[in-house]
Amino acid sequence: MLEQPVLTDKSVDLYHRFASVRQYTEEQCAPLQIEDYVPQPVPFISPPKWHLAHTTWFFEEFVLKPYSEHYQVYHKDFSFLFNSYYNAVGKRIFRADRGNITRPGVSEVYAYRQYVDDAMKTLLAKAELPAEVSETVILGLHHEQQHQELLITDLKYILGHNPIFPVYREGFSLVEQKNERSDVIRIPEGVYEIGFNGEGFCYDNELGRHKVYLHEYQIAQSLVTNGEFIEFIKDGGYERSELWLDEGWSWISNQPTKGPLYWHQLEGQWHHYTLNGFKPVAEDGILCHVSLYEAAAFAEWKGKRLPTEFEWEVAADQFNWGQRWEWTNSAYLPYPGFAKVDGAIGEYNGKFMINQMVLRGASTATSPNHSRKTYRNFFHPQLQWQCSGVRLAF
Amino acid sequence: MLEQPVLTDKSVDLYHRFASVRQYTEEQCAPLQIEDYVPQPVPFISPPKWHLAHTTWFFEEFVLKPYSEHYQVYHKDFSFLFNSYYNAVGKRIFRADRGNITRPGVSEVYAYRQYVDDAMKTLLAKAELPAEVSETVILGLHHEQQHQELLITDLKYILGHNPIFPVYREGFSLVEQKNERSDVIRIPEGVYEIGFNGEGFCYDNELGRHKVYLHEYQIAQSLVTNGEFIEFIKDGGYERSELWLDEGWSWISNQPTKGPLYWHQLEGQWHHYTLNGFKPVAEDGILCHVSLYEAAAFAEWKGKRLPTEFEWEVAADQFNWGQRWEWTNSAYLPYPGFAKVDGAIGEYNGKFMINQMVLRGASTATSPNHSRKTYRNFFHPQLQWQCSGVRLAF
Amino acid sequence: MLEQPVLTDKSVDLYHRFASVRQYTEEQCAPLQIEDYVPQPVPFISPPKWHLAHTTWFFEEFVLKPYSEHYQVYHKDFSFLFNSYYNAVGKRIFRADRGNITRPGVSEVYAYRQYVDDAMKTLLAKAELPAEVSETVILGLHHEQQHQELLITDLKYILGHNPIFPVYREGFSLVEQKNERSDVIRIPEGVYEIGFNGEGFCYDNELGRHKVYLHEYQIAQSLVTNGEFIEFIKDGGYERSELWLDEGWSWISNQPTKGPLYWHQLEGQWHHYTLNGFKPVAEDGILCHVSLYEAAAFAEWKGKRLPTEFEWEVAADQFNWGQRWEWTNSAYLPYPGFAKVDGAIGEYNGKFMINQMVLRGASTATSPNHSRKTYRNFFHPQLQWQCSGVRLAF
Amino acid sequence: MLEQPVLTDKSVDLYHRFASVRQYTEEQCAPLQIEDYVPQPVPFISPPKWHLAHTTWFFEEFVLKPYSEHYQVYHKDFSFLFNSYYNAVGKRIFRADRGNITRPGVSEVYAYRQYVDDAMKTLLAKAELPAEVSETVILGLHHEQQHQELLITDLKYILGHNPIFPVYREGFSLVEQKNERSDVIRIPEGVYEIGFNGEGFCYDNELGRHKVYLHEYQIAQSLVTNGEFIEFIKDGGYERSELWLDEGWSWISNQPTKGPLYWHQLEGQWHHYTLNGFKPVAEDGILCHVSLYEAAAFAEWKGKRLPTEFEWEVAADQFNWGQRWEWTNSAYLPYPGFAKVDGAIGEYNGKFMINQMVLRGASTATSPNHSRKTYRNFFHPQLQWQCSGVRLAF
């Protein structure tokens, strides 16, 4: 699953890295009330409580059970409750029902975390850790970092759909960044190499390194701003079917609100829910929370297009990225030579390679040290709840 | 809305009665964890938190706002959040979304209750209370008692759909009653009077008192037992379409489990979730948690039928009742002379008089002093989550 | 299923009656193009071709197969294709798929009718016909007359949802009747007898004759007119939730058009599709094609109510009826002593006794000689496609 | 929309080509009964009557109305009825309702074809035809050829879902082909050119010609056979979640039948509906009517994969193709430099470039002269009703 010819992580480092990542998840939850941990308002959102437990279950299932002698599982039913999509590891609770499971409660989930952390630390403190154990631990930490991002965006969805718009944390917002540069990058025609090539961790879907042929193209330094998108709205962008993909048009026709997620028009002025409360939309702020359908319609309106994921990766060293996940016009499909590993961990990425589009970059919700230019994120084209933005190419 | 020619409740009594009913609701919630207050697994269930707030809102909206001088509403958005079906009192949150509203949290809801209770007690302590105020307070208390019953049955639904089957309270079960008598009552043909006729409170749907003509019939002293229903199952009751109403057959064909709600078959033996945990079904226990469709199919299988609500009421003095809501074969429709009162409170009962069937009696979940033989409960025929049972007639 | 103490139909009469009813069905179809026989635009509509075949199948299945020696079924698959709701007679094609079955074609269905008619006439020409045979034949003829009414209203639905509004037959309209009288009938309190009591045929659901007690009431001679209903619309009747049953309000909120079925507003004037083409709505015409929800909201707006089916039947000799099926506020439930007969024919009526409301009278679409004052028609409260109207009581 | 530097079609040729293509459509319909022209059993199927009219409407709308002086449209409502997805040309009938429109009937649709054909032939007989007219006519003919293929596959769906399995034409079957070769082709690493490059017609989505870099791969000469797929079924292929894409697993879990479309298991032997009737499946026949999900699961089971559309095109000269549309693992996305043309015709291809997968080749249902190796067909991954097969790569 992960190609790691030189294992640079010593066990002692892994111990601290494990502690650090695990702690960060809990820090994210510090401002929450117990009630906030529970609901699942739509199936693609998971309750914060579930994120806390599921990331813990990963270590119990894939590290402690196979590799820690005499380990006793914390609770026999948790594997069933907190498994996610791993069909190979027994039955799991129907995804849309996660928000109805009130027990174990939050304090017991924290106790479960503590129990597993203690066992993990004991394991990690050992002098000699086989490579497959440390590789699985590293995978588990990256897995937890992915869930950290989902945890904060799912939480925004929960709070942002409450009519009283609760504040998560004063002064904390995912969406207030501005562009620093505005010129255009030109990339010449030729053969380029794509995919992960360094040391350290990467996901299986970033391998193997391979060649692509790119025709000449240009790509913007800056991301699309709120102000540009407001121009699109004012110009009737949401009412002009010719700008939209056919399924995008069906989608938007059934949406009660025409605008990025969390946007509301009050007395002629756009406002949006942020984790810092309900605020006016800043025109020079970088656009956030749009679907691929909106991104593509906007690009069409501009007479431009979205880049492919290859165009993005080749140019990435020449622009700033990391504030928005950026929609590309590439479908999420395997690279040449992609192969799933055996067993449940093999379900990690490959089976989602249909009907989803690639996003590149990283966002303000992404965990520290969890981004690289070869990282391939992917979502269905109608989804808006990640910190997704738009960079134009032509 | 309520006919009450002689007001026997003195204000001083009302004060204590108010305090007692309000306290009982909170006692019901004593065993809950915070998380249990939040979810709404299906639209016909409401979160316990919502029940606590909605019953409080009733007093704020219909008593304190119109009748308590200088009263300040606790929070301007609560009317929107905790209104239920009263279309006349402004917009309300979509019913199926109640489980996604995490704020206000449980402690704030209790603070809301405290705030309203204080204001109510100040009002009720006054020497001279106009009749319309005390009548509305009494209505509000009955309304809260209805919600007390829903609170406990909704909670059973939440806990009973958790795969780890949490115990609500040791030793507490809604479903362990047994029959004491087993003979049959014969009622002669004739004109009988139906509807509320006493002093004290009743709902508008129990009025006015009127005559019906009944042909001779017989009705059982005892309620159907679990053992009898197991015989029905063993005899293929769930597979024989000729026993079922047409829409009942469609309903059960789409149900994953063929049996009363909370029943599960383990190694050939029926078990069920109770608020006391997961237990074997006692054969001599009184059947509970069946839909009207199941009740009617069972009666057909027995060669008998369900009584009408009039047959039930006329015979009610001659049998024990109060342990199950008993399905009748009467649709929920107005009595002769029924009239809605004006305003939002007029929405209380009349507008539900379509597509629902009447249940008579009361159940082990019914609040103390909240039953009388003229009481008309009503639910859609597929619902099982109330403590509903079967009494046969022929 | 049918109580018929004195069988007045001689076989020779039955022969001619059979021929006459069967011929009438085909006359109804004379203006159709082949294409019109095929579609099923919504599940509660059946294709004309299916009506033709299903009524034929009834005689093959319940008369010829059991009682005609050496009878060969026309086609082994037709029982499967043209069975409707008779669960006891083997599997049947899923109801919503009827419109996708193009073969057998129309000409073969007519050949099937001819084949069965020939066999039936041979049987009916015999001197001695056992009572159970003639009773089943009579039931089959009434069954076919019911389908004649559905055939014409289903056809109206098919043609009335075609944007070019085809004419079925010049000069033919179901909806042009006017009231002749306008006074009010007062019925005194007392015990009345209800249900079928004469000679000749009736359905099982009209039996047995029984007593009801009615309180004094008044009922209108006239049916509600289009003009009165337009007043209701102009007064905001479709926007005032307080006038509607709760489920009626949900229903109308999801309807794209607020008005009786087939009504369209063009340049401020109401028009409607009739089988005679697209026409202006006559204000003095009798209202048609309303749901029970609309009927009940209109009555509420008028400060009156719909009569019960018992009030309707007791007063029926004193007013004109037969032009609209008239919604009552009675749920479709069994009379005292109702019992299903054994076998498939027993499925005829009893199993539909849930969630439907009774309509009394007859309509301009009803076949000749297929009405009597004890006849109980029944539909779900949202359905508009029958010729349903409103008579008020108070 | 179409790049055609040298127009080789002389007007006189176009006249005959027009006549020939239009006639072929009607020949396809010769075996139909009138009823077969009407239904639309699922939204992705169109009624044969609609195909006949829609292809005619194309010439009326895009050729006769703009370019034929004094042309009178045949019927003012037909543009509304027979427009398909061209949002720019006025409102259109909701796609899922096409099967409920019985008028105009089949004979009137043929009259419409005759009327438009006469006008077209008059136009085409003129000496000097501007290039844009002849280009649009050619596009219209290719459009009609596409619909010829859909007409036959839609018709198979209609007849194949009739429980009596009618024969379309004796001796005619889409699915009886066998492989002629069985070796494997090896393609070396390098830069290849992709896209249309010749003279004559192509669709906009095949342009522009561009370079891709391919890594070395192998691809089979032969298509997967029924027998190989039966092995997959016998090995539990439909029950092993690890072989399936995640959304494929959800899809197949909700399918009542596990097998290619039209396959039924009778007494342990696979049979399938063909346009020649209900027949046993030949083990050495080429597999047909599988979804991409099934194709991908099969490839996974074989330890191989589906080729990309580029791999397919580069190798296409070295294998036989044209009997099945062959699923590729490429999403349907624009080539570099793709640009939509203005106006309604610009809606032809580009707006469908989301959530669909590319199929390459052609099938036994494809019209004569309507295939080329650069042709990009595309469907949603769950669809089975085209003559879709599987060629493996690795």
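Lettered A, B, C and D in written order, each chain numbered from 1.
Criterion: a contact is a pair of C-beta atoms (placed from the backbone, for glycine too) under 8 Å apart; a residue touches a chain by one contact, two chains touch by 3 or more.
Note that the structure is a prediction, hence the values are computed from the model and not measured.
> Starting at chain B, how many touch steps does it take at minimum to reach chain D?
Minimal hop count between chain B and chain D: 2.
> Same or different: do the copies chain B and chain C touch each other through matching residue numbers, with over half of them shared?
Same: most residue numbers at the chain B-chain C interface appear in both copies.
> What is the distance, in whole Å, between the centres of chain A and chain B, each centre taken as the mean of its C-alpha atoms?
Chain A and chain B have C-alpha centres separated by 45 Å.
> Centroid from C-alpha atoms only, then distance chain A to chain D, rounded to Å. What do you get?
Computed from C-alpha means, the inter-chain centre distance equals 37 Å.
> Touching pairs of chains, which are they?
So, checking each combination of chains, I get A-B, A-D, B-C, C-D as the touching pairs.
> Going by the contact rule set out above, which residues of chain B touch chain A in the complex?
That would be residues 33-39, 41, 49, 77, 80-81, 93, 97, 99-106, 158-159, 161-164, 166 of chain B.
> Going by the contact rule at the top, pick out the chain A residues touching chain D in the complex.
Within the complex, chain A contacts chain D at residues 85, 87-88, 191, 210-213, 215, 217, 241-242, 244-249, 292-293, 296, 305, 329-331, 333-334, 336-337, 346-347, 351-355, 357, 381.
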